[in-house]
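Residue numbering begins at 1 within each chain, and the chains themselves are lettered A, B, C and D in the order written.
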Amino acid sequence: MGVILYYMNFLSLFVLIPVLMMLGLFVSNSRKQIQFITATGASLLLILSGIITYMYLTERAAGNVAEMLFTADTVWYAPFNIHYSVGVDGISVAMLILSSIIVFTGVFASWKIDPLPKEFFLWYSLLSIGVYGFFISTDLFTMFMYYEIALIPMYLLIGIWGTGRKEYSAMKLTLMLMGGSALLLVGILGIYYTSGATSMNLLEIAKMKIPLTAQYYFFPLTFLGFGVLGALFPFHTWSPDGHASAPTAVSMLHAGVLMKLGGYGCFRVAMYLMPQAAHEMAWFFLILTGISVVYGAFAAIHQTDLKYINAYSSVSHCGLVLFAILMMNETAATGAILQMLSHGLMTALFFALIGMIYGRTHTRLITEMGGLMKVLPFLGVSYVIAGLASLGLPGLSGFVAEMTIFFGSFQHTDTFHRVMTIIACMSIVITAVYILRVVGKILFGAIQDAHHEHLTDATWFERISVVTLIIAIVAIGSAPFWISGMIHESVIPVISHLAK
Amino acid sequence: MSDLLTNLLSGPVPIEAYLGVSLIMFFAGVYGFLSRKSMLMILISIELMLNAADINFVVFNRYLFPGHLEGFYFALFTIAIAACETAVAIAIIINIYRNLTSVEVGNLDQMKE
Amino acid sequence: MQYTLLILVLPLLSFIVLGLVDSKWKPKVAGTIGTVVLGIITALSYFAAWEYFSMHRIAGVYEKIIPFNIEWLRFTDYLHINLGILLDPISVMMLVVITTVSFMVNIYSLGYMVNEKGFERYYAFLSLFTFSMLGLVVATNIFQMYIFWELVGVSSYLLIGFYYTKPSAVAAAKKAFIVTRFADLGFLIGILVLSFYTKTFDFGILTSGDTSVFASTVGASFMGISVMSWALGLIFIGGAGKSAMFPLQIWLPDAMEGPTPVSALIHAATMVVAGVFLVARLFPLYVVYSPEVLHGIAYVGAFTSLFAAIIACVQTDIKRVLAFSTISQIGFMMVGLGVSGNGGHEGVGYMASMFHLFTHAMFKALLFLGAGSVIHAVRSNEMSHMGGLRKYMPITNITFLIACLAIAGIPPFSGFFSKDEILSACYEFSPYMGATMTFIAGLTAFYMFRLYFNIFWGKEHKHQHTPHESPFAMALPLVFLATVTVLAGWIPFGHFVTSDRANYDIHLDFTVATISVLIAVCSITLAIIMYRKESKVPKRLATTFSGLHKAATNRFYIDEVYIFITKKIIFNNISLPLAWFDRHVIDATMNGMAGTTQWVSVKIKGFQSGQVQQYAYVFLLGTLIITALVLIF
Amino acid sequence: MDYSSFLQMREEFSLLAVMVFLLVYDIFAGEKGLKYFQPVALVLLTVHTVLNCMPRDAFEVAGGMYQYVPMQTYVKSILNIGTIIVLLQAHKFLNEDANRIKRGEFYFLTLSTLLGMYFMISSGNFLMFFIGLETASIPMATLVAFDKYNRKSAEAGAKYILSAVFASSISVFGMSLIYGSTGTLYFTDLATLITGTPLQIMAFVFFSVGLFFKISLVPFHLWTPDVYEGSQTNITSYLSVISKGAAVFVLFTLLIKVFGNLVTQWQPILYGLAVVSITVANVFAIRQQNLKRFLAFSSISQAGYILLAIISGSAMGMASLVYYVLVYMFSNLAAFGVLSVIENRTGKVQMSDYNGLYQTNPRLSFVMMLALFSLAGIPPFAGFFSKFFVFSAAAAQGYYVLVFIALLNTILSLYYYLLVIKAMFLNKSENPIENIKSDFPVRISLVVCTLGILLVGLFSTIYNQIAVLSFGM
């Protein structure tokens, strides 16, 4: 392992730890062992993300102004100029924190997963490999590879451990995301070959100038490719079905982190590498994302399944991410990253809670629940907090992110962009409508079903999961300056590249 | 009419005539392959196709590149290979007959779609 | 004055502590903690007020003091959100009002809520509310105000929905939140527009009178209206939402589903005047850059006031009467601001509005607490279940009467002074406005005494338990607030709070005063005739004006309009079709692609016929087609 | 004439030696000795593979009839390994009572086809090529019809031999026209003599369909599913991997070496064929219930992907192609290996039979899943890398639209691969296949395949080695 680290840099620990987890799981044979391995691994990852953050901030404070820190580069496939190159900036660090928190909480949320716990966590670890790898990569190939690695475990995770129309949803999700990755691959190949770069490294390609005509072809492809994962209208329909059917931890990880790969990729790859086309074509995608934002929110109002509500809400919130990056200014982009972080956390919290509630009531239909606050006070209160975060209550993360986006977007000098911003703002009211509707229906009022009288509140592992997420949400929401500063500083190079 | 006939009979045969024959043979073979019901007939049709190619080789060699022997040799090898093919094919057809008591190609339809 | 930070921090801590321990402590302990904390910050506020107002004025005006200001979040180089404390006359006055009422309500709740489940939760929420409201009024910048604005909204939501098992309470909470949220959208967009042009959130810079800040707004307009009007108009929508101005007033009457002390604190004294405070805070901008919006505010205020007063005359739920009365009185304050100019005598409306805010907070809180006391005694909100209670509840009776007199504008109670100033400002603005407001003042007197007599006089209702006076914890705040109500009128308010922070001597306009007092007295007399003893007059009036009566009872069907818009239009005609569209068009397209492929797959299976001759045929055809294509092209 | 230069054809001679030895062994060894027939054969083959795995410098034998370039060593090694894996998987089948007596023949026939492919790969003359081609395909027909008493097998054999001969007739006819228009059959001479006259173009098309048939591109693929279904599973896997792999390599070399001047003609042809092959095969595949037919269509579409590498016509394309064949071999043989284990034991090949396989046979399902994911091009399995490189090679030449179409098709292919995975992992079955304890050789083969799938992509050395040589093509 030392040798590997020597070649691959300690950032690769983010990938290695899940790999070791997988190996450990392979040989484990009791639930105790499985739990031990996964909990240890997830905790290590969480600690590691803390260390990375600390190191990153110290390094920056020490005056290191490189665009990416802790970079390492090993030639992998020399003929194609494919390198295994890693590196992080503030954005990736933020995403790593997010991933670690959610992987950690996901483990606890599926503490008693049944059946086949071993297989579940094997796939779960593979999924997290994809996620982590994507965020530490700076090479287009490895990014794409990790992106796809993250896709495929979804099929089995949903298909085997899911609920409802799981087979249909799993297939749909996998195929649609695969479609996205098809667009993406053409885009990536196009970027690489037309740029004339001698490396697939993002930073190297960014130095080259891709011909404008090529940008016109490959920008939309790349953006759409990532956009599918970011639930861009009209390619979002995998999200409601997929999330509704997925098991708790998978919904959490998928909505919480995987969908962020889309936004991150759009920003890091599509826009960063093809700034001219981004400028020319932003209006079109702005309209699409604007539709996502409002449409998702409206569609959520009418759902009755908790997970569907949350899935549509994710469409709306993730639409906001893409919306913000298309504004192409520092503030909006910072907001977008914050929104990824914030949405990741709160949607994970939502899905965790929904999973826990479902595990008790065996229904997710809001019409069949009511008055749960009385019997499940912990889960109830947590749900309210998640809801408030989602509708943008100050002090919780959603507010910080959304406001940064709105204010950033509104700084755009073009009236069209400002009008779009105002339209996007409307989503916050609609969000309030559906969140409160749900909270009112399921938590408040009288208990609907006599079986619900004797439900038991959250167990300790569920509490760990929920409390961790809430702490993160509150921390970002009430002290946003440091994380916002960290992100802002890293957004600047990208935006200034876009401005050229 | 009679002049032409005389020319053809007395003068050297033009290469076009050979090629015409080989082409006709080839497509006769193709037609036979597509239209015959018996597998044996189909096999004979294939022989026609291969022999058409052989004629081509020989004729080209004789007329166009008289200094070499490549075409002749190729024809010889093809004949040998055709014999192998026929042998194997006949064996398989016999096997089919054992299984189906028929050598009609239309009966080979157990696997489709 | 760094210690003012404590005023914010203590209630927050109290909220966190009470929220986290939840029901692990005894209810009494939680209540005591909440109340003690409130007591401390009340004292601190008083001290701060004393210290602030006893400072020397510089060039005749009170200075703005910012004892604490940190950067919380940076958007751009010039737009950054600070969290801080801004002390100027109105914020200091608000500190006093909020802490006082909140303290009283905390004490009162010790008695009122003692048997409720979730007592700790209640105190936690109260602390949260107090924290948010205080943060709102001391905000140094408009964005901080927005932050606390939202927090206030959410505490209101939580408190209205305190009885969460009661569907009506849940619905009311939801309604309150969504309606104000909708209004906040206006506020937010207003901030967006304002900050886009002025490049700052800071109140200090915005209201400094420095025109260079607004340089970029000159000539900038959107759809024919100047951007400043847009910005300020939109910001006012936010204020209108919180302050229940027409047509966003619908949430307030329903908000009475919350515990009565909460109604007293949030929905009478403090939160609902946030809109007024907002307009007052940005008053220099309104006056200079968009007087037409300011006038619009006056008209909206006047209409709301009239509208609410009419409805209040026919409501039978005592808390709803008070709610409509609150709306009406806030209308007064809005009118006061709307008709005001800047500085000196011009600015009397501003001063009066703030004065009315102050006095209203006291007497309206008193009214609500009194009503709470009554409800506590008879366990019902309906007037028909009351009557003749004066015998059983003397303290409540007297204090309630004082409050009624104050709101009716009878000298020497505080309401008289503040309302009178508003009226005279209105007359200066336009006689019609003055007359309208005087008429509304008369209506106020009428419905308040209708309320009073229905509760404490009239025919006695048969009670299951004999009503009795409230415990000490509840009576104490009543007495305290009554005292304030009696005395507050004599405060030389113009010395403290004016539009330009300079000194202004209040002088009563006797013509206006006389007229209004006369009208008030007449109205009261009418009320005495109609309601002191059982009489047939009200019923006859109701049948005579049955249309109006019915409309007013049903609050002029505004709620129905909203339900129509939300249920029928948004829910059924936008959301439902969208959800359908999503499933049956977009999703179906995706599924359709898959389905088409399957269909094609089935259709072309004959291609693979199993016939070797056909295979050869296709083979040959393929060869020939390729040859032909290659040779042709 | 110096015959010693013939000895440079080391691979062929070595293989021939093995074959002859096995033939003699089979005939003369007693009942006891025959027990060890298979181990001996496999050991010998392994030795043969190891001995011949190092590339040498390019050379010519027999006046250019036989041309060697280093890359051929890799291709031949891949074929060797593939053959060994197939033979390992066939171990069980050949040990059945009915087949025991035919073992020698099976080996001899298989190795004959392999020898034919060797010659086909190394040929420098159309005569040599043709002989190689036929040596590879005629014994193959007997292999397909190996199971004499099975009607399906007989039918498949007949279909194969008829189609194959038909194809080679056309091909030979094409060769004759090439000869007629140029006067030579040597590749090196042809490269300059082929100038693009219409006759030559027609001749080229006629000739190349013979190879298209072998690679089974649409519309020359129709025999494939039937033959795959009918023949014994191990033979199917041999047919789908080894025979196809050799053919694509030869196609590439011929197109570059001989028909380089016709590049403007053959590129659009391959373009069209690639699109049609991938799409049609995928559309057919989604409906297949018989897993052997299913894999047949899958292999047709895989062949279409390989065409992308050929179209690029570059050194990168060459390397990608060889790499693709390697990865494809591991993946497909893993899939077929599992298939054959189950079919040999239970006779079940329908997809519905596989329902709930994971419950009873987790390892087999796991290997199958890896294989399918690799075929579908999912990282971190080798299939992802090979697909990426093929696409990359095509994209480097500007074929973005083609890459895009191919990629859209990967969605479709993922769909049907997932169907199998769904059957194994998701579906429940009342009557699942019982737990199968596969025998040792099969296990080795599956482990080798699994390792190949897992490691060939992650360790770049293999590709880099191939790439180094591809510049010499």
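Side notes on the structure shown:
Criterion: a contact is a pair of C-beta atoms (placed from the backbone, for glycine too) under 8 Å apart; a residue touches a chain by one contact, two chains touch by 3 or more.
Keep in mind the model is a prediction, meaning the values are calculated, not measured.
Using the contact threshold fixed earlier, the set of chains in contact with both subunit A and subunit C is D. Ranked by distance of CA centroids from subunit A, the top chain is B. Looking at B-C alongside A-D, one finds more C-beta pairs in contact between the chains of A-D. The distance from the centre of subunit A to the centre of subunit B, each centre being the mean of the chain's C-alpha atoms, comes to 67 Å. Here the CA centre of subunit B is 98 Å from the CA centre of subunit C.
Centre-to-centre spacing of subunit A and subunit D amounts to 42 Å, using the average Cα coordinate of each chain.
The distance from the centre of subunit C to the centre of subunit D, each centre being the mean of the chain's C-alpha atoms, comes to 77 Å.
Each of the following residues of subunit C touches two or more other chains: 594, 605, 608, 610, 612, 616, 620. Residue positions of subunit A with contacts to 2 or more other chains are 175. Counting only residues that touch two or more partner chains, subunit D has 158-159, 162, 166, 170, 225-226, 287, 415. Listing the residues of subunit C that touch subunit A in their complex gives 22, 71-76, 79, 81, 143, 146-148, 150-151, 154, 157, 161, 164-167, 170-171, 173-174, 177-178, 181-182, 185, 188-189, 192-193, 195-196, 222, 570-571, 574-576, 578-579, 582, 586-587, 589-591, 594. Residue ranges of subunit A in contact with subunit C, taken from their complex: 172, 175-176, 233-234, 237-238, 240-241, 295, 298-299, 301-303, 330-331, 371, 373-374, 377, 388, 391-395, 399-400, 403-404, 406-408, 410-411, 415, 418, 421-422, 425-426, 428-429, 432-433, 436-437, 440, 443-446, 480-481, 484-485, 488.
Listed in rising order, the residues of subunit D touching subunit B in the complex are 126-127, 130-131, 134, 138, 141-142, 145, 148-149, 151-152, 154-159, 161-162, 165-166, 168-170, 172-173, 175-177, 179-180, 183-185, 225-226, 229-230, 287, 293. Every residue of subunit B that touches subunit D in the complex is listed here, in rising order: 26, 29, 33, 39, 42-43, 46, 49-50, 52-54, 56-57, 60-61, 64-65, 68, 70-71, 73-74, 77-78, 81, 84-85, 88-89, 91-93, 95-96, 98-100, 105, 108, 110-113. For subunit C in complex with subunit B, the touching residues are 605-606, 608-613, 616-617, 620.
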